[in-house]
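Submitted below is the structure of interest, expressed as structure tokens.
Lettered A, B and C in written order, each chain numbered from 1.
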Amino acid sequence: MTVWAPAVAAVGVGAALVTGTWAVATLDTAVAGVVAGRGLHLRRAALAPLRRAALLAGRHPVTTERPDAPAWVVAGPLLLALAGAALSALPLAEGLAVADVPDGLVLYGAAMALVMVAVFLHGWAPNSVFPLIGAYRFVAQALSYQIALFLVLLGAALPAGSLGLGAIVEAQSELWNVIRQPLGLPLFLVAGTALSFWGPLALPDGEDLAGGTAAESSGRELLVWRTARAAVLVATAAVAAACFLGGWLGPVLPGPVWMVAKTLALLVILVVPAHVVPRVRIERFVSFGWTILLPLSLVDVFAAGVVALRTST
Amino acid sequence: MGLNSLRIRLAGAAPAPVFVVCGLGGRERVVDLYAEPGLQVYSTPRHAGVLLVVGRLTRGLVAPALQAHDQMASPRLVVRWTAADGDDPGDHGDVFPNAVVAHGSAAEVAAAVAAAHRELLAGDRPPSAALLADIEPAPWQGVGPYGTGGTGMTGGVPFGRPMAARAADRDDLELDQLKLRLGPLLPSLPSGLVLDVALQGDVVQSAAVGDNPYRLYAGDPVPAAPAPGLFERACHQPVRIAELERARARHHLRWAAGLARLVGLEALGVRLTTLSARLAASEESAQAERLLTRIGRSRWVAGTFAGGDLDDAGLAGLGPVARAAGSEEDARTHDPAYRALGFEPVLGEGGDTPGRVRQRLAEAVQALRLATAAGDATTTVSGVVEGPRGRLGRGAPPPSAALVDLVAGVVEGLEWGDAVAAIASLDLDVEEAARHPQMAMP
Amino acid sequence: MITDVLSWGLAALSLWSAWRVFRTDSMMRAAYLLLASFAAVGALLVLLSAEFLGLVLVLMMAGEMTIMVVFMVMFMMNPAGLNPMTMVHQHRAAVAAGIVSFAGLALVGVAGDFPDRPAADEVTTTSALGFELLGDSMLIFQSAGVTLLATMIGAVALTSRGGRFGDAHAGSDAPALAPEATASPAPATDAVEEGAHAAHEHDRHGAEGEAG
């Protein structure tokens, strides 16, 4: 069993990534169709990502002038691997996780800190102006949400007395964290949107930058990059479901079904603003991140700390 | 092979990836392309497989179009959307051999593009080969005492581009400054606008507008004059106010669709474009009014745009741009037919980008309300008409000529995203500016 | 056995990427090779049952190396090493200092007395670390924390809205006529006047910017 465990784990994480990214792309296409006034066509929206992926897979790679080739090759798969690492620490049900390490939250934090590295590599590699601007715009964005993201997660870990995601879910068996820490989930969703640079916070890949870090990507490299972006969004939604919505806890249905349902619900909440809320200006987001997001997350973690102290004494 | 043919069939069902080259006379047609479900228009040629050349490819657009073509990933294809009647001798579109020629409406051209793209994927159509030679722009290796192409250790121009020199920014820090030419085909700028910018990070230190690629040179055959639009006709003959105001609302809706795309709301842009085509129906007109009112709500616009201040000196005759900065000039106030409908020019809230955006959205709503209230009233002919960009008629220069001069001043000191939004808020038509006979060429 | 192979491999990776830091021309690659070296050390810490420390090391170094790269792009003329200029200064002094520090650290590593008992299974490093930080070593870490906080406040004050030469939203200076000329003090004073003037006139827009 132990010999096969890594292979089974890799297959499990891979399946979660594929289905998760397909769900994100379907939701995105469906919501876009509704906002554009074309109506909700779920079947067409479910096929659209497959068609786009088939189209991208058939295009030949391009190269620019003196790109940083190792960086370009590494960036997309690195982002995908980071999303996979974050998912591997998540338990689908009690004891059912790829690697429910006692420091699962820190593993997630380290993986999400490396997202900044992957995006910067992707923007630096083509040796082109707009990708580079997208890259350091993301660094500014990342530094603004990072501390708030980790503080809010720490607040969710305090009632459990452990940094492991399984323990955090079990500590919510009486009351979900979204109720006893009301600031937690909204702040985490905002920081998570910034982390996966989706929708209103898609600043490194924005339209005004002609596609930003992906401006010079084509073919399979672009396919891997877009899949990786969606995968980071899936990982964010899954961790939020585990830390704030009680993970696998729920009355009638089995644990994994609840986990998937909660993740899907959060994905809908994360995907809809992409077509309704305009993209935030980078200056505005940076000042929002430091003057509003960070103090609120400090309030959240202090409140969680006070509650934890009172219940433990 | 089964898997390969499945992939080709799936790929053929996806919207054809298109990069648009907007030539002379193509601007209005390009806006319709974004709303076509069979196409996906991308903002960079790398993501596209079809180069769609709309209108006449002028001499100034040939080099950028060839570059865009070679930047597309293979397999690639060129489609030219020309007018149905005969050849245009001034059209340099024959630089693309094997281009597919398409005519008609946006829907017909989209179908033709999709069909040609499917043939390309299936292998029934040969992909377009690279048209430019793959050579280094400037030989520099081995030149000079250090082999860097110049004198001294750091001199020279490797790869034909000068190295970034340092210059002071607003805090007197010496940061690298990058000088760029942003070309006529950049989709986030009005098509045809060439901008020479000096960027420090993503802040525009200075900008200058380059040569207008739509300009006709001495030997070029003049294109057949387009049929006069509604606003041009209103200078000489009475026109129904309802039609005129609907045309104005249509123009502003299509401008708003472009702005929505810039801020990432592509689906909203499609909705605005489809509504703009159906304003004659009262239900769509009411829907458009509600949508525009919701978008124009103060806090949303103020949060998304910033900067781009323009004081109202030198804005005479520039329509919404001038009125946003505080001017009360509107040719419709001198028209008794409009006064009978209770027309008052919309008060401007500020000469910056959010103010201009709100002004245009408010004027579009006002135009829709006038159209529903006007009934059969007609305009009074006076030789001067208030067009959607500014004053038209009686020998007045086209408003875009003055708007192009404002670009360099409005983007200075702005961060790149704000700069692009500020230029979009001016609503330029570079082609209209090229028609101005007195336009000074830099 | 697997842990032995892994630890030797990670040590080799750490040393190799640290060596490549100094052999590569591209400063961006140098920074990220250093990050790779730190990541290998972090993985070694995980193997030593100090998972929290190892993961936190990777977390912090990712951000720090990226900030280093951004500063290189901002200030260096040749961050990608595409122009073959020599990028090192004071070569001999640096080599000498490197040899001295290597000798010192190697002495510590070889002559030091490191424990070699395996970690007990029920010890979680996170709680042990927490007790240490808030117990015996509280003075050190709290003073370091307060010092860092003071540094952050100072940095924010320097880059705040009221910049050194006027309101940061008043737009940038006009560049010098010759692009390579450094700024002289004269334009700075103009900027102060312009900034003050702009601040009065466009007070309303400033207020909107504040709210936004």
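Operating definition for what follows: contacts are C-beta pairs under 8 Å (C-beta built on N, C-alpha and C of every residue); 3 or more make two chains touch, one makes a residue touch a chain.
Just so it is clear, the model here is predicted, and its values are computed rather than measured.
> What kind of graph do the touching chains make: line, ring, star, complete, other?
Chain contacts: complete, every pair touches.
> For the pairs A-B and B-C, output the one whose chains share more C-beta pairs in contact.
More contacting C-beta pairs are found at A-B.
> Would you identify the chain whose Cα-based centre sits farthest away from the centre of chain C?
If we average the C-alpha coordinates per chain, B ends up farthest from chain C.
> Using the average of all C-alpha atoms in each chain as its centre, how far is it in Å between chain A and chain C?
Chain centres of chain A and chain C, defined by C-alpha means, are spaced 25 Å apart.
> Between chain A and chain B, what distance separates the C-alpha centroids? Give it in angstrom.
That pair's centroid distance is 34 Å.
> Quick check: how many Å separate the C-alpha centres of chain B and chain C?
Chain centroid spacing, chain B to chain C, equals 42 Å.
> Indicate the residues of chain A shared as contacts by at least two other chains.
66, 136, 284
> Touching at least two other chains at once: which residues of chain B meet that condition?
159, 201, 303, 306
> So which bits of chain C are touching at least two other chains?
Within chain C, residues 73, 82, 212 contact more than one other chain.
> Can you name the residues of chain C that touch chain B in the complex?
Of all residues in chain C, those touching chain B are 73-78, 82-86, 159, 163-166, 168-176, 179-180, 182-183, 187-188, 191, 202, 204-205, 208-209, 212.
> Sort out for me which residues of chain B touch chain A in the complex.
6-8, 10-11, 13-14, 17, 37, 42-44, 46-47, 49, 71, 73-75, 121, 159, 178, 180, 186-188, 199, 201-202, 260-268, 270-271, 274-275, 300, 303-306, 415-418, 420-421
> What residues on chain A touch chain B, complex-wise?
Chain A reaches chain B through residues 31-38, 47-48, 50-52, 54-55, 57-62, 65-66, 129, 133, 136-137, 199-200, 202-203, 206-211, 214-219, 222, 274-276, 278-284.
> Going by the contact rule set out above, which residues of chain A touch chain C in the complex?
66, 68, 70-71, 101-103, 106-107, 109-110, 113-114, 116-117, 120-121, 124, 127, 132, 136, 139, 142-143, 146, 163, 284, 290
> So in the complex, the part of chain B that touches chain C is made up of which residues?
146-148, 153-154, 156, 158-159, 163-172, 174-177, 179, 198, 200-201, 203, 205-206, 302-303, 306-307, 309, 350, 352, 354, 412-414
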